[in-house]
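A, B, C and D label the chains in the order they appear, each numbered from 1.
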């Protein structure tokens, strides 16, 4: 980095001296282009009213390169979550929604319509103006089934998609059939909408060009149909980022997601400035190096080859001692950021298990599940898997969430094998076999099977611990660690008895769709919900209530207090039914940044469990010091 | 000779077909499909899973059609258009993805092969000529040590050591500055500085086998009367060993070279995964895991083809080396 | 050293050190090879005749130890003890092929299957005689013609497997003669050949020996083979020479019971129909432990007490004829007893 | 010339062999093998090592101080402990260890273990296990909780502990049971497959031979890993670890038999026209009987030698399968599984002793290779 560090300062000085009259400053590389006449001056590139960013530490200097790592096209989300530019955005501490592309917004009285007022003079990275036309074009693409098979659930209420209405060039309204005020929270937190440049992409869309011509174009480029070509040009499978397509992001990609390095260069038309009037971003270039293996990423980190990384390593808490030991060598600091795995290692019972009626009855018995919960030594799990960083509890919601209920979260979580044994005895499970395992009412050994995935390394380790805890209370646990795809297929087919949760499970923020919850704990309920009662099994009232909150009530309101109350209600219902048993979770992510990479907010731990990380920490204002 | 080659190539076709069918079945054997992997991935990253979208994708990817129709369409594409299908996970035509990686795979495998030959030949000859000496035991031991160490373990340890103690950059076959550069001499040299770990890891696994085969062949040959006859002419040992027994000992060896290739590629796959190399192996493993079936199937097909070509080449070499076959 | 001899072997002992024990392959063998003459060494398989001849060129494997003397009169008249040379040293390599050449018993395997005849014969010519490739090739063709290979110009570029057995042996002979050696060791040159070919090859060897005035050691298990080819015969049994003498004398008056047995086992054309060819009962005992008495004791028809205890001393009958047998110890008129 | 050193019966002149000589002659195939083998010192040592390792595996529960799942709670990543006979207080005939003091460094989140050299904990022999986790059934029959060695106070970890505080030494012992038997079982199955298919192929020839040869060709020109992956996916996921284990051996042998099959085929091809086989056939012996009683014994020694050499590749394959996550899986304890769990930068940098199972794999494979080499040399007693 050394070579980059001083040059910009010198150049900047020159610039400042030569153009003191200008209100805004720009990166030296851009200034050179302006001087050559390749770019309009910075004042013309910025919108009328640029978004002014408060520096987190200080006003930075231009130049340099940030090296990150990713795992190729399937990891495009990681890039999206680094550069996304939504209409509105959360602040780094997740306490407040702030303007972004939209200068301001309004929610109608009845909560059905949200109107955004775009910044005037916003420009795409090629200089073309960004207007509501582009929002409409994006919506048009969402409504082209060949490209987007179904409209994303966040824009659909009661099966009816919202309307997107351009009121004028700079005003756009989202009109939902029912109250949907919380849609704005979804957008701010990490929602997956990226507006598309109509002036560029319309040349590939059949609504604008004859389909025959397009198909021929596609064939010439090695594709079969026009929509495959469109998807390639629009980066439909790489979170709507593709080489050649203008973006609103701080950086523009210049190589492909499957290239060895995904390189993105600064966007000369980026709409944000710092308090000193310097156009952002500070850093010239982002590199995302293609790394297939997480272990290699760790090695690169401790070897000092990465400048910032969080994704993929963010929940490797067990490796903390190593990260600490190599801090000097890798010249990085460790930052706690939002997110984490409040759910942590979580055991889910299939409420609609069918293969074995005896087991099905037992795992729907609250007392039985309480016994299982009491038998687990969560302190030990915390120590061996999470370096003692974790929170003991069921992890329904983030502990900082306003709706967090400690009593529910901590219920039945103390380690008490005697009590567990007593509960099981009281249930009549007193007969035991020669190896000390309890027998089921039908005389077979009481055996539970838990599925986990090879992809989640902690599943196997946690499985072994829980196996030994439950052996102490006479219950045999078979830990069945299988490939991730297979694991998912089993859950989809309602074949699992018990399963470990994914990282962010069991309960997801209200901003997301509730369908995923029942999907895992009770696939047949989920079928019932999805088919409006035509298929599957009718869920109990408690489950219906949770679904109602997720899909109808919570989306309708942006009132934080009301939403907190919903969260409390969900947690209580969940705790009452013990649909899942939590063990230990960690309510923050690990992030790593080079020591001299500055302006990164330190140790922000907010309530929201899954914000767009690191976009929420404003990479456009990071700089090399 | 030409007729022989043509005959061999014609014979390859039915086997290739069989392999293509087996590949296809193998990929589909595990329950579920690519969509399950996709769902699992989306869930793990906290993205929403929209079941309707999944259903729509199932139709788009033709995963709702019976297997034999999927197979038929795939084959049709390959034969008529050289189109190997579409990779679900990478969202690209398979042919956009595989060629450079296959090339690098072959580069790694071939350099590993050369490495193991360079190591194995002198050792084998030394061991055979100086049979049951300390040197023989020592080199045999070293060779076996390479064979005995699991590839992935060796790869990880070497990588760790090279980064911790020598400060080499980790992962990939190129330094960052050459990763995106077009091929040039400098880039080639840069690759050489990175290729040595996989070369050693993959190479050492084969070296012991090579030493053993060669040494035993050589021992067999050294005991043969023509060696004594040659000695009786006054020819020096070094010249004698290289001119006669080594040449003959190579024959059974060359005939196995073709078979070594798939093993090298397999070994390379594991090693490359650990080392995060941009070769075919990791891509193939990932494709197999996620049931990205056309990508995985194409790899299997091409690797099998490569093996057969390797076998053909080794058979042709055999003809060159052994006149007895030539005149049959 | 006797001036008429080109080679004198004295008390040659060869042992093989194996983990199973020490094999005493040759136990004190002495014989002379007169210049320009041919001698024969006859014995059953395993009697040490091949080992003793390999010793002359130091072609024994590294685990063999060698003692005694092998005195060789070089071209310049100097006498050198081959037994004292380093086994793979420069001196012995210079002797091999140039001075002492060999013909081996198996022409099938004694030629490299993957090199052409030309390559194999001309190799030594190019390496040691300083010939160019072309010269060597011409010389090879010449040699092949000499040994009676038809169309030598064409066949010179063929591989051994394209040759018939007899032709291969002829090629071997050509290879041995390539550098005009002074001593030719022919180790069972005809064993691997058809009976019809045997006579041809043998007469070729004899013819060449006469023509080039070669000194020759012919090694064979068949006494009949040597009858017309050599002047002197050494009969070997279990690493020792049991009888030695001029060929005619041995044939006419075999003294040692073993020699007698060997002679009787040759089928005779004059024999009566239905008469069985006799054979020597028993087989050669193990060479791991050498009996301290007569080696033939175990199989001998005439065995006596002393045979087991004591090694017989040489008894010279006539000027050149010597036998090692207790039957003749101290007795002048030995032949009567033996013939009884 | 090699033939000269061991005199063979002179068949040309002596036809009659005495009966004792005859016995020696026939017995000598195996005896000569033994002689040759004995000469190969390294192979003999390797044989001892292997015998020792299998003995260790058989008595693993007794030798291991703790059960494979027994956790020394909280004491994770304890480095290997040194057995001492000597400290500042002098010499002791009974070996001892120093107790460990544990502190957690909250700066680095690392547990720091320091030896308390002022105290000694003596190692006791034939001690009772610490808990029910240490109970075992020797040979599946005799229930016991007596262990070869142990300490009265605290724990002894010769190879340290893993991420859950389990004793690595004990786990290596238990892991050997599975890892070392997978090789044997897999090779045995390969042998059966190879004998049957290779035998049929060579003996009957023709169309059958052609089909089997093509099959071998297809299997061999297929990259191994996808084959493993596919076949292991075919193992039903819910079955018990023992059956998974069985499945893995079948998978390994399914691929492993081809080399052997080819070898046996060529041997059978070479032998089937030998006089003694032709004679047996003319005598009216049934074909299966010919194969079983005449053909197979005549090349068994070669087969055994090459089998020995293929055992190591089985165990290496097992570790590779585990590494890919398609072989045995935790909580089954095998060397491959243990290595798979140690396959990360954290282990290499912070707890390298977790790679000890790899050392055992290396020793095992090395020993088998040397043993196989010796056996192969010995199988050819007239060879050089």
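Note that a residue touches a chain if its C-beta (ideal position, glycine included) is under 8 Å from a C-beta of that chain, and two chains touch if they have at least 3 such contacts.
This is a predicted model, so every value here is computed, not measured.
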Maximum centroid distance from chain B, chain identifier (CA atoms): C
Please list the single chain whose C-alpha centre lies closest to the global protein C-alpha centre. B
For chain B and chain D, let me know how many angstrom lie between their CA-based centres, rounded off. 26
Distance between the centres, which are taken as Cα means, of chain C and chain A, whole angstrom: 91
Where the centres are mean C-alpha positions, what is the separation of chain A from chain B, in Å? 38
Taking the mean of the C-alpha atoms as each chain's centre, how many Å separate chain A from chain D? 47
For chain C, residues contacting two or more additional chains: 54, 59
Hey, what residues on chain D touch two or more of the other chains? 1-2, 233, 343, 345, 349
Where does chain A touch two or more other chains at once, residue-wise? 295, 299, 483, 486, 490
Taking the touch rule as given, give the residues of chain B at its contact with chain A in the complex, in rising order. 30-34, 36-37, 39-41, 43-53, 55-57, 60, 89-93, 95-97, 156, 159-160, 163-164, 167, 169-172, 174, 176, 179-180, 272-278, 282, 286, 289-291
Which positions of chain B touch chain C when the two form their complex? 224-226, 228-237, 243-244, 247-248, 251, 321-324, 327
Of all residues in chain A, those that touch chain B in their complex: 67, 72-74, 77, 145, 148-150, 152-154, 190, 192, 222-223, 231-232, 236-238, 255, 258-261, 263, 287, 289-293, 295-297, 299-300, 303, 305, 329, 453, 455-456, 483-490, 492-493, 502-505, 508, 512-513, 515-516, 519, 530, 610
Which part of chain B faces chain D closely enough to touch in the complex? 15, 18-19, 22-23, 25-27, 29-31, 131, 137, 140-141, 144-145, 147-153, 156-157, 160, 164, 208, 212, 216, 219-220, 222-223, 225, 228, 259, 262-263, 265-266, 269-270, 274, 284-285, 288-289, 296, 300, 303-304, 307-308, 311
Chain B touches which residues of chain C in the complex? 54, 57, 59, 88, 93-98, 101-102, 104, 106, 109-115, 120, 123-124, 127-128, 159, 161-162, 172, 175, 178
